[in-house]
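Structures for review follow.
Shared between the two complexes below is chain A, which pairs with chain B and chain C, respectively.
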Partner chain A sequence: MTYLTIRVPNWPSSALRRRGRRAAKSRWIYLVPATVFLGALAIFPLVQLARLSVSDVQVQNLNSDWPFVGVRNFIDGFSSGVLSQSLANTLVFVTIVTVVGLVGGIAAAVALRGTAKITGVLLAAMVFIWALPPVVNGSVWKFLLADDGLVNNVVNLAGLQSFPFLYDERYALISVAVVNAWAVIPFNTLVFRAAVLNVPVEQFEAAQLDGATPAQEFGNVILPALRPTTIVLAVLTIVYAFRSFDFVYVMTKGGPGTATQTLPYLSYQQAFVGYDFSAGAATAVVAVLFVLILAGVYARSVLKEESE
Partner chain B sequence: MTMVRKPTSPITIGVRIALAVVYLVPLLWIVLTSFKDGADVIGSSTALFFRPTLDAYRNALSPELFTALGQSTVIATTATAIVLLIAIPAAYALARVRGIVPTIGLSVLIVLQMVPQTATVIPLFQVFGSLRILDSNTAVILADVALMTPFAIILLRPFFRSVPPALEEAASVDGASSFRTFRSIVLPVVRNGIATTATLVFLIIWGEFLYAVNFFLTPGNYPLSALLAQQVSSYGINWPGLMALGVITSVPILVLFLFTYRLLKEGLTVGAVK
Partner chain C sequence: MHFSSFVSRRSQTVLSFTALGVASALALAGCAPAGGADSDDNTITVWHYYSLDNQNAMLDQYKSEFEATNDGVTVENVYVPQDQLNSKLIAAVGSGTGPDVVVFDGYSATTLTSGGVLAAITDEWSGFDGADQIAEGAVTTVSGDVYSVQGYVNTLGLFYNKTILDELGIEPPTTVDQLEDGMAKATAAGHQGITLSGQPDVQGAFQAFPWLTEAGFDYAKPNADALSEGYARVRGWIDNGYLSAQAPTWDQNVPFAEFMNGNTAFAENGNWQLSSLESDATFDYGVVPLPVGTTGKVYLGGEAEGIGAFSKNPALAWKYLEETFLSKAGQLVALDQVGSLPTRADASADDSISADPYLSQFAEAIATQGAPFPDTIIPPENNEAVINANGQAWSAALGGQTSPDQAASDLIKVLEPLLQK
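Presenting the complex of A and B:
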C-alpha cells in the first residue's frame, strides 16, 4: 500500500491552485504514521499468513525455513473434511446470527422508539451489555445454559427434562449463535431506532388518518424507511458473525466434537492447540477470502453513498 | 417527539417484556451469583433467596487479580492513546484529500477491519517471536493498535468530513500554519467524535483476550479479560468466583459507560452507517 500518486483537484485560479496544492500536499504527511504502522503490523502479517498457508510450518520451524508445499494444506483441509465441516458450521452460524440479529434489532427498535422512561432504561441496559467484554457475556450464558443453570431450572419447574443447550451436537451451534445474536442486537437496535425516529411524523399521521392498523403502519411506513439501514447493518452483522471467535472459545471450545468449530475457531485451534501453523493459516486464508467479498460489497455501498 | 397513537400495542409490550427478561436477568444473575457460596449456586430453591456472602470476592482479591487489573489498565490506556495518535491525523487526511487515494485507502481499511482476529494472531505470533518481544506488554499493545486503528479511522472520518472547509480556509488566510489550523480549529470541532472513538477503542481493547492469551507465554502477566477466559474454559468451574471476576472486570466499563452513554448513543449511529 503506497500513497505515491497524488492527484490534485483543479482549482479555479492559479493563486488558489497553488495554495490548495500546498495545503493538500501538507496533508499527505498526516497519512504517514498510519501507513507505516498498518503496513508493518496489519498488511505484512497478512502476507506472512498467505506464505504460511502454502508452506509446511510446524512449531519447530516457525522461525527458520518454510518449505513450499503449494496448495497441499488446502487440499488436506478439504479432503479430510475438517475445512468443509467448519465452513458449513460457519454458514449456519452466520445465518442464525444475522437473521436473529436483524429481526431482533428491528423489533426492539420499534418497541423502544417511544420516550417512556422504561424504554430509556431498557435501551441503556442493552447498550451497557453490548459494551461488556464478550468473555463476560459468554461466561454468563455458559452458566445460564448449563445443565443445572437458570434456564434449565425453569425448564425443570415446567416438569421437563434439562435441555442440553451446549452439550449436544445438534443444539450447541444454534445456542452459541443465538447468544451471539443477543450480543449484537443492542447495537442494531440503536442504529435502527435512529432510523425509525427519522421517519417524518406526518407519515405516521397520514397512515393513522387512513385507518392503518399498527401492523399496517409497521409494514407500510416503518419497514420501507428502514431499508437502507437494513442493508448496511446486514453486511456489518454478517461480518461480525463471520469473525466471531470469543463466544465459541468461552462457551464450547469448538465442541462437543467439532459441532461449533467455525472457521476462525478452527484456524486458532489448528495453530495454537495443534501447533500446525500452516493448516491454521490455510483455514484463515479461506476466511479472509470470504471477508474480501463482504468488504467489497460494503466498500461499494459506503463509497456510493459518499459520492451522492 | 410526539407519537400520535397513544395506547401501546400488545405486541410492543410483549417485546419490551421479552427484552427486559433477556437483557436484565443475565445482568442480575452475574451480580447475584457473585454473592453466593458454592452450595447455593445449584438448584432452584436458592436461586433468588440465599444468604449473601463476600467469599467469592474475598477469594478473588488476590495479588494475581491486582496484577491483572494493572495489566488491563496499562495495555488498554497505552494502546488507545497510540491508536488515537495514528488514527486522528489519518482520518483527517482521508476526509480532506480527493481522488483515488481515499477510495483505495478506505477500501484497504474496511478489509483490515473485517479480517478475523485469528487470521492475524497466527502471523503476528511469528513476527513478534522473530523480534523477540513475545511475553511482553509491547507485543499485546502493538497487536491491539494494529487491530483498532482501521476501525478508529473509519469511525473518525465522517466527523472530520462534517467540519466545513471554509473554517480552515479562513484560518489559513489569517496566516495560520496547516498544523496549527488542524490543532486549534479542526480538533476542537470534532472532540465528540474523538471521545466516542476513544471510548469504543478502550472498551474493545479492555475485553480483548485472544492476543493476550497467546502472546503472553505464562498467565502471570494476563490482563483481566485473559484471566477470565482462562478460568471459564477450565474444568470444574467455580461459578461464584468466575462471576465475581466478571463483575470486577465490568466495573471499569460501567464507570466509563455512565460518563459516555449519551455520546455513544449518538456517535454510534453516525459512525456505523456513514
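Presenting the complex of A and C:
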C-alpha cells in the first residue's frame, strides 16, 4: 500500500488571528471612496434639503442667512390645500403606475416565456422603450394623444369624438400615469420572466398530468412562484412612481390648472418657477418621507424573504 | 490578499476603464453653460433664451456690428432654455460667476435684482445720452438704483385671417361682441374661431390679462366678479367650439402655428410672430388691437437687458448695450428683424412703423392699452407667486378643472395676502 503524505502547515493560532485582524482593518479602507461619494452626493444634499424646509428661503436670501421657521412651511402647505391636493394626485398616480406596471409585466412575462425568435425581437423592442429618455417618451406620447394625434385618429375612425386625454382634468392624470406605467412594464417583464423561467419544469409537467387548464396553471403554478418577485418589484415600482416629474413636465406641465401636479412637480414649480425655495423643499421632504417609509417596507420584506 | 487574485485580468481592465469613464463623466457633468467664467479682457458673454430664427438673427447682427466697430472684441452669445435661465442665473450667484450681459424676461427684473444677479447701472444710465428717449416704464429701478432697461417692447394683438373674414363678410372686430359674432360665423362655416394660450404659467397669464381687464379687473381693487366674468367669457368660447379645448396645453407658439395652418379666423398673439407670417403665410392676414374696450389692457412684455453682477468687463458690457439694444440704430434692427417695437421715442417715430399696416396696429395697442408688466402695485418679492397663481387659475377655468366662479374666488384668496405690502 502506498500512502500519500500531506504536509499541513503548522501555523501558530495567534499568527492566524493577527493576519485575520489586519485583513479586516484594511477592508474598511475600500469603503472610503464610496462613503465620500454617498456623503457628498446624497447625504449632504438631504441635510441641506431638510434645513431649507424648516427655514424661510426666497430669492433675496438664498445666498445669505436662512432664518429658522420650524414647521411653518409644512403647515402652510397643508392648510392651503396645495400639499394635500398634490399628495392625493401623487397617490393616484402611484397606484395606477404600480397596478398597470405589475399586471402588464406579469402578462408580458407569461406571454413571452417561450424561446421563439419573435420573443427575442419583442423583448429587445421592450428594452429599447425602457431605455428611452422620459423626455423623448413623453414628447412622443404627447403627440400621439393630441386631438389630431394617432390615437384620436383611430378613435375617430370608429365613429367616436376625439377623447380629451391630456387637457381634461378628469383624464389628464390617468393618461400621464398610464404612459409612465407603459415605460415601466419592460423592466418588470424582464424580472418576472426570469422568475417564471426559474419555475422547475416538473411542476408544469405535473400540472399538465393533473389536467390543469392554462388558467389553472397560471393561478396555481406561476403566480405562487412569482410572489417574492412581485413584492420586490411592487416596492421598486412604487418608489419609482413617486419620482413622477419628467412625464408630467413634458406632457402637461402640471395642468390643466393643477390637475396633474404631483409632489415632485409641485416642488419644482415652487422652487424654480416661484422661487419659494423653502416651500419647494418642504414638498420634497414630504415626498422623501413617503419614499423612506416604502424603502423600509422593502428592506424588511427582503430580509424576511432571505431568512425564510 | 491581492486584488488580482479575486478578479481575472480581463475583468480588471474592464473595471478600470469603467471607473475612469464614470469619473470623467462626473467631472464633465459639473460643467456649467460655457462662457460663464471667462477672464479674457476682450470677450463678453451674453446669456439669452431666444429660440426663434428672427430673434437669433437680431442677436447675430448685434454681435457682428459690435465686433466690427470695436477692434479685438469678441461677443459670445450663449443660449439657455427660457424656463431654466432665471434659476441658472440665481445659482451662478452662489458661486460668484455669471455672464457679462443678461437678456431676460422683463417681468423677472425685480426677482433677479433681489437675487443679486444684476449689477446696478445707475451711473452708466445717468451718463447715457439716450436715457431721456426711453420711457420711464421701460426702466427697472429698485431702491433708487437702475438695474435693467427694456430695449424693445412686445405685446399682444388680434391677428385675423383676411381670406376667411372676406369670404364670410366679417369686418375686423372693434368690440368683443363683434369678435364673438365673427367667431360664431367662422365656426359655422367649418373654420376654427380663435387660438390662444391657456398654459398654467406666465404665458397663460400674459394672454389672460386682456380678457380679465376687459371685464373690469384691476390689481388696485381686485374683484372676483370681474375675474369670474372674464374666465366665463373665454370658457364660453370653448363650450361653443370657437376655441379648442386643448388651449390649456398650448404655450404661445403652438396656437400661432395652428393659425398659420390657414383654417383659423383669429389668433391672440404677439408682434414677434410678424416676420414668420410675412415669410410663411399662405393667406391674406391683418392685425388689429385686441377688442378689449375702454378698461382692457395688454401687458408690455418683451425682454430686458442688464449687466451681470459678477461680470469681469462691466464697462465693455455697458458699451455693448449702449451700441446695440439701447441705441436708435440697434432698436431699428430689432424692429426690422423681429417686429419688436422700440422703447426710444426717436426710433418709435420712424416711418417704417406708421407706414406698416401691422406694426402701426401694435404701436396703437401699446399707446392705448399698454400696461406695465409686472403691475407696479404688486410688491416685487411676490411677482412670481402672483403671476403663477394667475396662470394656474386661467388654465383651471379653461380646462374645466374648476368653474369660472370657483377659479376666480380661489385666485382672489391667493392674491389678497400677496398684494399687501
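Please note the rule applied: the second predicted complex is superposed on the first by the 287 of 308 C-alpha atoms of A that agree within 3 Å, B and C clash if a C-alpha of one lies under 4 Å from a C-alpha of the other, contacts with A are read in each partner's own complex, and residues count from 1 in each chain.
Note that a contact is a pair of C-beta atoms (placed from the backbone, for glycine too) under 8 Å apart; a residue touches a chain by one contact, two chains touch by 3 or more.
Remember, it's a predicted structure, so these values are computed and weren't measured experimentally.
K.L.:
Count the residues of chain A touched by chain B and by chain C, then name the partner with the higher count.
P.N.:
Chain A has more residues touched by B than by the other partner.
K.L.:
Determine, under the contact definition given at the top, whether A:Asp246 touches first (chain B), second (chain C), both, or neither.
P.N.:
Only chain B; A:Asp246 stays clear of chain C.
K.L.:
Given the touch rule stated above, what does A:Gly274 touch, chain B (first), chain C (second), both, or neither?
P.N.:
After superposing on A, A:Gly274 lies in contact with chain C but is clear of chain B.
K.L.:
Considering only the touch criterion stated at the top, classify A:Ser175 as touching first (chain B), second (chain C), both, or neither.
P.N.:
Neither partner.
K.L.:
Give one of first, second, both or neither to describe whether A:Asn63 is in contact with chain B, with chain C, with both, or with none.
P.N.:
Both partners, chain B and chain C.
K.L.:
In the superposed arrangement, does A:Ser55 touch chain B (first), chain C (second), both or neither?
P.N.:
In the superposed model, A:Ser55 contacts neither chain B nor chain C.
K.L.:
In the superposed arrangement, does A:Thr90 touch chain B (first), chain C (second), both or neither?
P.N.:
Touch partners of A:Thr90: none, neither chain B nor chain C.
K.L.:
For A:Thr115, is the partner it touches chain B (first), chain C (second), both, or none of the two (neither)?
P.N.:
first
K.L.:
In the superposed arrangement, does A:Gly254 touch chain B (first), chain C (second), both or neither?
P.N.:
A:Gly254 contacts chain C only, not chain B.
K.L.:
Touching chain B and also chain C: which chain A residues?
P.N.:
23, 62-63, 253, 272
K.L.:
Help me check something: in the complex, which residues belonging to chain C touch chain A?
P.N.:
Of all residues in chain C, those touching chain A are 1, 83, 86-87, 90, 93-94, 111-112, 114-116, 198-201, 244-249, 381, 384-385, 388, 392-393, 395-402, 407.
K.L.:
Which stretch or stretches of chain A touch chain C in the complex?
P.N.:
It is residues 23, 58-60, 62-63, 146-147, 164, 166-169, 252-259, 269, 272-276 of chain A that touch chain C.
K.L.:
Across the complex, what residues on chain A touch chain B?
P.N.:
1, 3, 5-7, 9, 19, 23-24, 26-31, 33-35, 37-38, 41-46, 48-49, 52, 62-63, 107-108, 110-115, 118-119, 122-129, 131-144, 148, 150, 153, 156-157, 182, 186-187, 190-191, 194, 197, 201, 204-205, 208, 214, 217, 229, 232-233, 236, 239, 242-243, 245-246, 249-250, 253, 263-265, 267-268, 271-272, 277, 280-281, 284-285, 287-288, 291-292, 294-296, 298-299, 302-303, 305
K.L.:
Mind listing the chain B positions that touch chain A in their complex?
P.N.:
1-5, 8-9, 11-12, 15-16, 19-20, 22-27, 29-30, 33, 42-44, 47, 85-87, 89-90, 92-94, 96-101, 103-108, 110-112, 114-127, 129-130, 142-143, 145-146, 149-150, 153, 172, 178-179, 182, 203, 206-207, 209-210, 214, 225, 228-229, 232-233, 237, 239, 242-243, 246, 249-250, 253-254, 256-257, 261, 264-265, 268-269, 272-274
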